[in-house]
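Each of the two complexes below includes subunit A, the first together with subunit B, the second together with subunit C.
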Partner chain A sequence: MQARLPSLEEAVRGVWPLLSLAVILVVLVALCSLGPVVLQRVATDALIKLVMVVGLYVFVGNSGVLSFGHASFMMLGGYGAAWLDVPVRYKSILMDELPAFLGKAEFHPGLAALAAMGWAGAFAFLIGIPLMRLSGIGAAIGTFSWLTIVFVVHAGWEEMTGGTSSFNGLPIYVDLWVALIAALFVMLVAYVFQTSKLGLALRASREDEAAARAIGVNVWRARIASFVVSAMLVALGGVLQGHFLGTVNVTQFYIGITFITIAMLVIGGTGSLAGAVIGTVVVSVIAELLRQLENGVDIGALTLAAPAGLRELGLAGAMMLILIFRPAGLTGGRELPFPAFLGAALGLRPR
Partner chain B sequence: MTAANALATLGTDGVTVRFGGLAALEDLTLELARDEILGLIGPNGAGKSTLINVLSGFQPVAAGRVYADSRTLTGRRPHELSHLGIARTFQAVRLFAGLSVLENVAAGFSGRPVARRAARTRALEILDWIGLGAKAQAIAGTLPYGDERRVGIARALATGPAFLLLDEPAAGTNEEDIPSLMSMIARIRDEFDCGVLVVEHNMGLIMGLCSRVHVIDHGRTIAIGSPRAVQDDPEVRQAYLGEDEA
Partner chain C sequence: MTTAIQVIVDALSVGSLYALTALGIGLIFGIMRLINFAHGEFVMIGAYMLMAIVAQYEPLAIIVAMVLVVVLALFSERIAFRPVRNASPTTMLVTSFAVSYFLQYLFVMIYGARPKGFEFLAGLAEPFVIGTIRIPKLNVAIVAVTIVLLAGLALFLTRSRFGVQMRAAALNFRMARLLGVRADRVIAVAFALSGILAGVTAIFITVQGGTLSPGMGVQLALIGFVATIIGGMGSLIGAVLGGYFIGVVTVLLQFGLPLEMRPYREAFVFAAVILVLLARPQGLFRGAEARERV
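And now, the complex of A and B:
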C-alpha cells in the first residue's frame, strides 16, 4: 500500500511528470540549436508559445473553464514591459507622447518583465472578481469581451501605445536559451501549482463543482488565484514575444494568438501539463511544415508551393479532428506515465 | 480523528422549500445530535435529498431556518458549512471521476489547515480505515459502484465533520455487504465523533443502525421515534403502502 512504499518511489513518481517533459524539451531544443539560424528562430518562437500555452493551461486545465481572453494578458505584459525598458533614446523619438515618468525612464529588462507580469496579474485579479463567477459559455464570452476591451484600449490610446502601428525599440534579449529557461520556469510553476492543495481543490471543482463545494472548496477563490497565476505566466509570454521580435503590436495579441494557443492546448489535451507541452510541440512542428509548403518546396527544377493560408487550414482541421476523434486531446488529459523499465531499474515494484 | 469543533446539534426549524407549485418541504423541523445516528426515511419524492441539500447549503429555503446549536446557518454557502463541520454524500455519488481515489479523499482537506503532504497521509489513513487503501492510485471513474460510495464517504470524512449526512449509502450494495456497511457507519459515529443522518430505503439498515427515525412524506414530518415505534405507526404504513411497496 502507498503508505508503506519506499520514499524513493514517492519522490521519483512525484516529479516524474515534470522531469520527463523537461528532459524531452531540453533534448529537442539542444537538437534545434545545432541546426540553422532559421530553425533556431522557429524553435524560439515555439518556446514562447509554450510559455503562453502552459500559462493558459494553469487556468483552463485546472479549472475546466475556458478562456478566450488570455491574449489580453500577453498584451498587458508586452506593452507593460515595453513602457519600462525601451531605451529613452527610442522613446523620445518614436513615442514622444508618453507621460514623462515612462518616457524619461529606462529600467532593466528583467525588472520590466517582472513588473509587466505584476501589471497583468493585477488586472486578472480585478477582472477575475466578476468573471470567475461564470463558467461554460458565459465564461467564454465574458473573457472574450475582456480581450476586446483590452485590445480596443491599446489600439486606441495612441500616446501610450502608438495605436495600431507597432511600438518598436524593445531590447532584443530573447534567444533560444532564454526562451528555454522561461519555458522550464513556467512548467515548474504550473506543476507546483497543480500539485498544491489549491490546485487539487481546483481540479476537484473541474470534475464536479457541487461535490467540490460540499467538501469546503471556495470555487470562486480558487479560480481567481489560478487566473492570476495564469495571467502572469501568459504575460511573460507576451514579454518574451516582444523582446524576441523587438516590437509589439496590438494585432499580435488578439484573435490569431488566441486561436493558436487554444488549439495547441486542446490538441495536446486540456487536462494535463503534458497536454500543454506536447500540444505546443506537435502543433509547432505541423505549423512549420505547412509554412514551408506555403513557401514552396523545390523538387528538381520544379517549385511546388501550396496556397497561402494552408497553415491556418491545417491547424483548424487538426483541431476539428482532435475534437471529434480524441476530445481529451493527444495525451487524454493525463500526465506522462511512469515507465515500468525505470521502476525496475530503480528497484521499485511495478504497480 | 476527532473533529475539532464543539457543535452538538444540527437542525432545521420550520423549513419550507418550493419548486414552482410543488412544496418539496413544508414546515419541516428536524434535529440531529452529535452522538446519534438518525434515520431519515420516506417514499420516493418525499423530500429527503432536498432536506440534505438544505442542511448542506445547496438549497435555499422559502421559509424557516437552519441552525447548529445557537447559530443560524440559513443562507450560508456549501463551502462555509463544510468548514463548520457539515459534510454530506450525494445520492448520485459525484466523485471527481478523473482524479485518483487518493486525490478524491485528499481534496477533502481543502478547507482545513492541513499541509499538502499531511493531507495525503491522512487521506491514506482514511482509505485504509474504510478498506480501500489498496485502490488509492486507481482513477475514481473506474471504480465499481460499491467502492464509489465508500470513496464518497471517505471524502466527506476527510473534511473533519461534526455531522455527516449520507444520502442512500446502501444504494447498489449487495444485501450480503449491508452488515459491514452498517458497522462502518456505526464506527463513524464512535471513531470520528460525528453525528450521522442516514437517508435509506433499505429498512434493515435503518432499523438495525438508527437510534431514532424521522419519517417524512410529501415534505412533511409524519413520525419521529424509535425504529420499532415508527414501523408500527399507521400513518407511516399508509404512506408506504399508498405510494410503493417498500
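And now, the complex of A and C:
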C-alpha cells in the first residue's frame, strides 16, 4: 500500500468525533465560568471525574474487560504527587515520619504530577503482566483484589500516608481552566489511542477474542499497553482531585469512586469516547440536581429537603434503568455522528 | 493447646459465615452466571428487619425477617435481574453492583448512615467454659447451624425434584430447559434459597457484631464473591470450601502475622486470591462443566 495524505473529507471525518466533543465541552465550561463560584466548583469536580472516566474508558471501553481496580491508580497518583509537592514546612509538621528524600524535598507541582502518573503507570505495568491474562469475571475480581491491596497498604502505612486520616497541605492549583485543559488532553490521548493500530487491534479483541488472536493480535500485550495508558490518565485524575481539594484521603479512592466512575461510563456507553464524556456530563448534572434536593429547595415559604443518600439512590436507579432498557448506554457505543448539513456546507459527498 | 483449639473454633465459625455467604452467591452464579453483589445487602436488610421487629418477640423477629429477605430476593430477581438475564456476565455483575448500591442507600435514607447498636440474642455471647478453654456459644451455634443447613441443602439438591432441576440447570442451562426445566421457576428457587441463607447469615452477623449500618454487607459480599470464584466457578461444594479456605486463611493470618503486619492482613488475603486466579483460573475445586466456551 502506498502512503498518501488523507483527503479533506477523511481528515474532517477523522477528527470529528474528538472535535465535536471538545467543542461541546468547552462551550459548557465557558457557560459555567459565567455562573456563581459554587457552580464553577461543581463543574471543576465534574471535569476531574471526566478525566477519571475517560481514563477508565481507555482500558474498559477498548478491551471490553471490566476493571474494578482503577481507583487504585487514582490513589497512587494522588499520594505520589502529594509526597513530592507538599511544602516542606507542612511535611515537617504533619508527616514528620516521611523518609528524608521526600520529607526534605519539594518539587514543582507539574513535575510532581508527571512523576505521579509514571508511578501509577509503573504499578499498572507490573500488576498488568499477570492480571491481563484474565478476562470476564476473573478480571473483575483480580482488579478488585488489587484495589483492596493498594487500599489496605495506603491505609496501614502510617509513616508514609498518615493512615486513614487525611494527608493535607497539597498546593491548590486546580481551577476550572486547569481541569478543562486536563480533560481535553485526556480526551486527545484516548482518541489517538483508540484510532491507533494497537487500539484497533484491542477493539477487535473486544468484539471477538478468538478471531482477533487468529489474525495475529497479541491480546495480552495490547491489553497491558491500554492498561498502563489508562492507569496514567486515571492517576492524573487522582492528582487533580488532590490538588483541587488540597487533601488526599484513602477512602476517597475506594469503592465509592469506583462505583461512580463505572456508573458514568456504563450510563454513557462503554464502547465509545462519546459515551464516556456524555455519561460523565449527564450523571454530573443529575447528581448535582439531586444534591441540591438533599440540601433543600425553597418553594415559597417552604423548604423541602430530601433525606441524605438520595444522590446515590438516584444514580444507582438510573444505572439499573439504563442496563435494563439500553444496555449499550445512552450513545449505544457509537461516536457522535457527522451531521449531514456540515458535510453539505463543506461540499462533501453524503454517505 | 488451649490457643490451638480456640483458633480452630474461630477459624471454623468465621469460615462458616463465609461459606454460607459464598453458597448464597454460588447458587445463583451456577445457574445464571450472575455474581450477585447485592447478597450483602440482603444480609444487611435482614439485620435491620430483625431490629425493626424484635420489640415483639425474638423467634417471631427471626421468622418475619427471613420471610422478608426471601421476598426481597425474589423481588429483586423479578425487577432487576430477569431483564438482563441474557446479557454478558459482566453486564449482570454491573447490574448487581447497582442493585447493591441502590439498596444500601435506600437504607441510608431510611435509617441514616450512622451505625446503630443493637443487641440480639444476648445469651449467645457467653462462652462455654471447659477447663481453661473458653468458646463463645455463638461460634458453636454458627458451626452447628451451618452444618445442618449444608446437610439440608445437600438433601434438597439430591433428593427433591427442584433440587435435581437446579443441578441440571447449573450443569447446562440450555439443555435443562430443552428437557422441560422451567427457567423462571428454577431461578426463583435459587433466589429464595439464597435469601434464606442471607437471612441466617444476618442473624449471626447481628449477634456477633452488635451494630448495624447500611454498609455492613459490603465486606461480606466481597468475601463471598471471592470465595465463590476461587472455590471453582459454579461448583457449590467449591463455594463452601472456598468460604472455609478464606476463613481459615484470615484467622491464621490474624494469628500468625507479626504485630506490625496485622493492618495488612487483607492485603495478604487478596494477594492469595490473585495467585489462585492466576495459577488455577478454573478455581481450586472446580466443577466439571464450568468451562467458558467459545
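Convention: the second predicted complex is superposed on the first by the 345 of 351 C-alpha atoms of A that agree within 3 Å, B and C clash if a C-alpha of one lies under 4 Å from a C-alpha of the other, contacts with A are read in each partner's own complex, and residues count from 1 in each chain.
Criterion: contacts are C-beta pairs under 8 Å (C-beta built on N, C-alpha and C of every residue); 3 or more make two chains touch, one makes a residue touch a chain.
Quick caveat: nothing in here was measured; it's all calculated off a predicted structure.
Trainee: In the overlaid three-chain picture, which partner chain does A:Gly271 touch, first (subunit B) or second (subunit C), both, or neither?
Mentor: first
Trainee: Touch test for A:Ala201: subunit B only (first), subunit C only (second), both, or neither?
Mentor: Once the two structures are laid over each other on A, A:Ala201 reaches subunit B alone.
Trainee: Once the shared chain is lined up, is A:Ala214 touching subunit B (first), subunit C (second), both, or neither of them?
Mentor: first
Trainee: Looking at the overlay, does A:Leu126 come into contact with subunit B only (first), subunit C only (second), both, or neither?
Mentor: Neither: A:Leu126 stays clear of subunit B and subunit C.
Trainee: When the two structures are overlaid on chain A, which partner does A:Ala308 contact: first (subunit B), second (subunit C), both, or neither?
Mentor: second
Trainee: Output check: A:Leu342 vs subunit B and subunit C. Expected answer is one of first, second, both, neither. What do you get?
Mentor: Touch partners of A:Leu342: none, neither subunit B nor subunit C.
Trainee: Determine, under the contact definition given at the top, whether A:Leu19 touches first (subunit B), second (subunit C), both, or neither.
Mentor: Touch partners of A:Leu19: none, neither subunit B nor subunit C.
Trainee: May I ask you to name which of subunit B and subunit C touches more residues of subunit A?
Mentor: Touching more residues of subunit A than the other partner does is C.
Trainee: Is A:Ile181 touching the first partner subunit B, the second partner subunit C, both, or neither of them?
Mentor: neither
Trainee: Report, in rising order, the residues of subunit A that make contact with subunit B in one complex and with subunit C in the other.
Mentor: Of subunit A, residues 210 contact subunit B in one complex and subunit C in the other.
Trainee: Can you list the residues on subunit B that touch subunit A in the complex?
Mentor: Subunit B reaches subunit A through residues 56-58, 77-79, 82-83, 87-88, 90, 94-99, 102-104, 106-112, 115-116, 119, 121, 124-125, 128, 133-134, 136-137, 155-156, 158-159.
Trainee: For the complex, which residues does subunit C have touching subunit A?
Mentor: Going by the criterion above, the answer is residues 33, 35, 80, 83-84, 87-91, 93-95, 97-99, 101-102, 104-106, 108-110, 112-113, 218, 222, 225-226, 229, 233, 263-267, 270-271, 273-274, 277-278, 281, 292, 294.
Trainee: Please output the residues of subunit A touching subunit C within their complex, sorted ascending.
Mentor: 66, 130-131, 133-134, 136-138, 140-142, 144-146, 148-149, 152-153, 155-156, 210, 255, 259, 262-263, 266, 307-310, 312-313, 315-317, 319-320, 323-325, 327
Trainee: Going by the contact rule set out above, which residues of subunit A touch subunit B in the complex?
Mentor: Against subunit B, subunit A makes touches at 1-3, 195-197, 200-201, 203-204, 206-208, 210-219, 271, 333, 351.
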